[in-house]
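Structures follow.
Presented sequentially are two complexes of subunit A, the first with subunit B as partner and the second with subunit C.
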Partner chain A sequence: MSRLLTIAGVVWLEVLRRKDVYVLFILLAAFLIILLTLDVFGLGGLVGYVKEIGLLLAWLFSLILAVAVSVRQLPQEEERGTIFPLLAKPVTRGNVILGKWLGVWSIISLATIMFYLLLVWIVLWRGGGFGVAILGQAIVLHLGLLGIITALGILFSTRLNGDAAATLTLVVTLAAYLVLPRVPHLIMNEQGVRRTCLLALYYALPHLELFDLRRRLVHNWDPVSAVTWIQIVLYGVILMAMFLLLAWMAYRGKRFSRGVLV
Partner chain B sequence: MSRSARGSVWGFRVWAMLLVLEIAAFSLACRLADPADSGTAAGNSIVEAVFGDSRIAMSDSFYQEADTFFHKGVGHYQSKAFVDVFGKLGQDISPTGHAHLTGENITEIMPWLYFSTRMNSRNVTAYTVTAFWLAGEAGRPDLAEQVLADARRANPRDYRVYLESGRLAIKQGDLVRAAHFLETGLTLWPGKQDPEDRQSQLDRAEIRTYRGLLYESNGDLVQAQEMYRPVLQAFPGRRTLKERLVFLETHGRSPSPPRELWKNMLFRHAEVCDKEAEQRP
Partner chain C sequence: MSLAIEIKNLVVEYPSGRGVVQAVRGLNLSVPEGQVYGFLGPNGAGKTTTMHVLLGFIEAQSGEARIFNENVRHSIARQRIGYLPEHPDLYRFLTGRELLTMAGRLFLMSGRALKHRIEELLEMMGLAQAADRRIATYSRGMMQRIGLAQALIHDPELLILDEPTSGFDPLGRIEIRKMIAGLREHGKTVFFSSHELSEVERICDQVGILSGGRLVAEGVVSELVKGGESLENYFLRILL
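Our next item is the complex of A and B:
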């Protein structure tokens, strides 16, 4: 465990040194301030659109961070050659994968919580509010989603360079989030191969839309039932474990040579 | 001729050529941009320059978001080929049921309508819906009037803006202004809308009915009948209007104060949403 924490700590230092998190935090604050200054037909006290757009930005920025930080961890170690002294220590490749994932997920989760705190503060200041229970549920599921995306990013980066892994992670994430929920509707008008392909995609890709409680949060609906929520959390844990296992399998047999990605 | 004199003649020719080209470009620009057709707000927008035609899709998307906000996050129903465990979980976490914003909360849809009109100043539906709710439950007819003034500037030839302006004027009790707007709307109908489209037909019938009621309230029953007849030709099933016309023709007076009828017409929009809810399984 201490090995994992040490590797995760190095990831934290690297992310904090590169200042991506600060930049996105400042960007979020700037966007929210711009939203607050909008004069909407001279009406005051409107807060729904601040919640909706603020949450969208928090999601977008956390997704950018998750992809950008996760996919660069392994290729960076290999390009710099620091993977050799790292693996020369009593550290297994499984430790590297898990440590990197833990570091990336924890720092991005912290950044995401900061995004939420900023948004909550602004919404409260504006006179609105969030339900505490649904907010807690939404944040946990959001962090679960980030865990899946970081695991996916690390999986792709075991065999691809950073840019290719980032592109693939984004494509899979967006396809899974945007297309999958519409498949049951789309296949109503499809036949044959197209129908089979859509169904294959539907069951092969992770259902990331289940981790999105923003609609309930924005419109002040009651929390989802505990059973449903726990089922989704468990589904997230299984997906994370599956992607990390695949990443370890892809990484354990990998051969390195100095300066070249093999 | 000295070198400096030749140089100044050459320079003069270059400047003259530039001047001619500038005049030609300006004339062409004036000819290509027809302000009377596009309306004042449409031609100058930075948004239009930046987003191009994609702004139309964005405007529609903002309008959809306003609709979702109005229904408190409940999306439109979509039929599905199957509902598996993922679909079931998705249903469990999505807001469901038939819910509306009411009272002052209705203003929460305004930012999305505002974005919609800013993205596409030709989105007349966004303007008219904004004005309807501002003048109604939001209790801000003054703002509704401003919005419709913007809409008329951006869409001076669209009858729908004048129909909504007429409705607003009736709500405010300014019947002379209402008559003026409705006459203009009738003159401009159908504009760029398809005259065979059912909504366009309904709109024309509505304009004529309001105008007829305004004629009735002025005591001009003959003109009122002239307005109602084409409405009944297009929609023979309108029983209330048919009975009203027959009463006017036989008794020479209104069967009930026109005000009562237009009050019913002005606030019946909520029923549309209820009908949509009934269609859900």
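Our next item is the complex of A and C:
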């Protein structure tokens, strides 16, 4: 565990010193302040609008961070050659995968919690509010989603360069989030092979839409039942574990090219 | 005398285009504990590949490599090794002190012992003044020094150094030479590659010359080189 935390600590220092997180936090604050100056819907409407746009931005920025930071970790180690002194220590490749994931996920989660705190503060300041239970549920599921995307980014970056891994992670994430919920409607009108293919796609891809409770937050709906919420959390844990296992399998036999034939 | 490194019939191949390149061809090599062993050869001879097998980065197609009688595939073998890669490019966003702290923690060192060791190494490498500066601001020589310091953090029994003097000025090379001699006095084994044959001649107990993945000469320098011939001339005569 100590070795995992050490590797994760290096990821934290890298992210904090590259300042991506600060830039996105300032951007979120700037967007929200601009929204507050647009008082075209009246005060009540404005708070709902701020909630909706603020949550969308928090989701978007956390997604950008999760993809950008996760996909660069392994390729960067290889390109700079820092992987060699690291693996020369009593560290397994499984330690590297898990330590990197833990570092990326924990720092992105902290940034996301900061985004939520800023949003809650602005909404409260404008006289609005969030249900505490649904807010807690939404944040935990959001962090779970980031864990899945981070694991997916690390999985793709075990064999691809950073750019290719980022593209693939974004494509899979957006396809799973935007297209998958519409598949049941399509299946109703399909028969035979097409129906089977759509069903296979529906069950094979991760259902990321389950982790999105933004609509409930915006409209102050009741929290999700505890049983359903726990089931979604477990589903998230299984997906993360599966992607990390695949990442380890892809990484354990990998040959690093830099300097090998010198 | 027990062996620090033992390599038997090692073969390492790489896929290249449609074929296969043999980087190491049936290498046999033994390094007794407490010796300084110079691993020589032209570029592409297979020196770094052999070191990478010893460190468990790559697996050989056949043959066996052992460190202190432990198969190199087991990460426990790396507990006793310190490694400095050629042109070390370390985490540039860390300070020198942070890098050493990270390296020490990966060897499960902590607390006062780790702090003391870091200060000792920073002093030894002449980096005490630059310890809290980011590595990105270090010169090549300083980078090499901090790389060497991270390799020594856990006081390893075996040091594997890939071109340890590259990037050093003449004074720095003398310092490294003294350091290697000091390590030998403390009973450490040093296995290093170098193109600086005059240095190798001065500090090595034994040298091995690799060419095309094969060991073409091995022995004590004074026995290999006779009649006032320099190691450099011997090296060229063997390879040409």
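Note that the second predicted complex is superposed on the first by the 251 of 262 C-alpha atoms of A that agree within 3 Å, B and C clash if a C-alpha of one lies under 4 Å from a C-alpha of the other, contacts with A are read in each partner's own complex, and residues count from 1 in each chain.
Everything that follows uses one rule, which is that a contact is a pair of C-beta atoms (placed from the backbone, for glycine too) under 8 Å apart; a residue touches a chain by one contact, two chains touch by 3 or more.
Quantities reported herein were computed from a predicted structural model and do not represent experimental measurements.
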Contacts of A:Phe84 with subunit B and subunit C, given as first, second, both or neither: second
Which of subunit B and subunit C A:Ala226 touches, first, second, both or neither: neither
Subunit B versus subunit C as contact partner of A:Gly48, first or second or both or neither: first
Which of subunit B and subunit C A:Arg215 touches, first, second, both or neither: first
Partner chain(s) touched by A:Met1 [first = subunit B, second = subunit C, both, neither]: neither
Contacts of A:Phe256 with subunit B and subunit C, given as first, second, both or neither: second
Contact footprint of subunit A on subunit C as seen in their complex: 14, 21, 23, 43-44, 47-49, 52, 55-59, 75-76, 78-79, 81-94, 98, 102-103, 105-108, 110, 147, 150-151, 160
Complex contacts: residues of subunit B adjacent to subunit A: 65, 69, 72-73, 75, 78-84, 86-87, 89-90, 92-95, 107-108, 110-112, 114, 130, 134, 138, 140, 143, 146-147
Touch list for subunit A against partner subunit B, complex: 38, 40-43, 45-49, 52, 180-182, 184-185, 187-188, 202, 207, 209-210, 212-213, 215-216, 218-219, 221, 224-225, 228, 231-232, 235
Complex contacts: residues of subunit A adjacent to subunit C: 2-3, 6-7, 9-10, 13-14, 17-18, 80-82, 84-92, 253, 255-256, 259-262
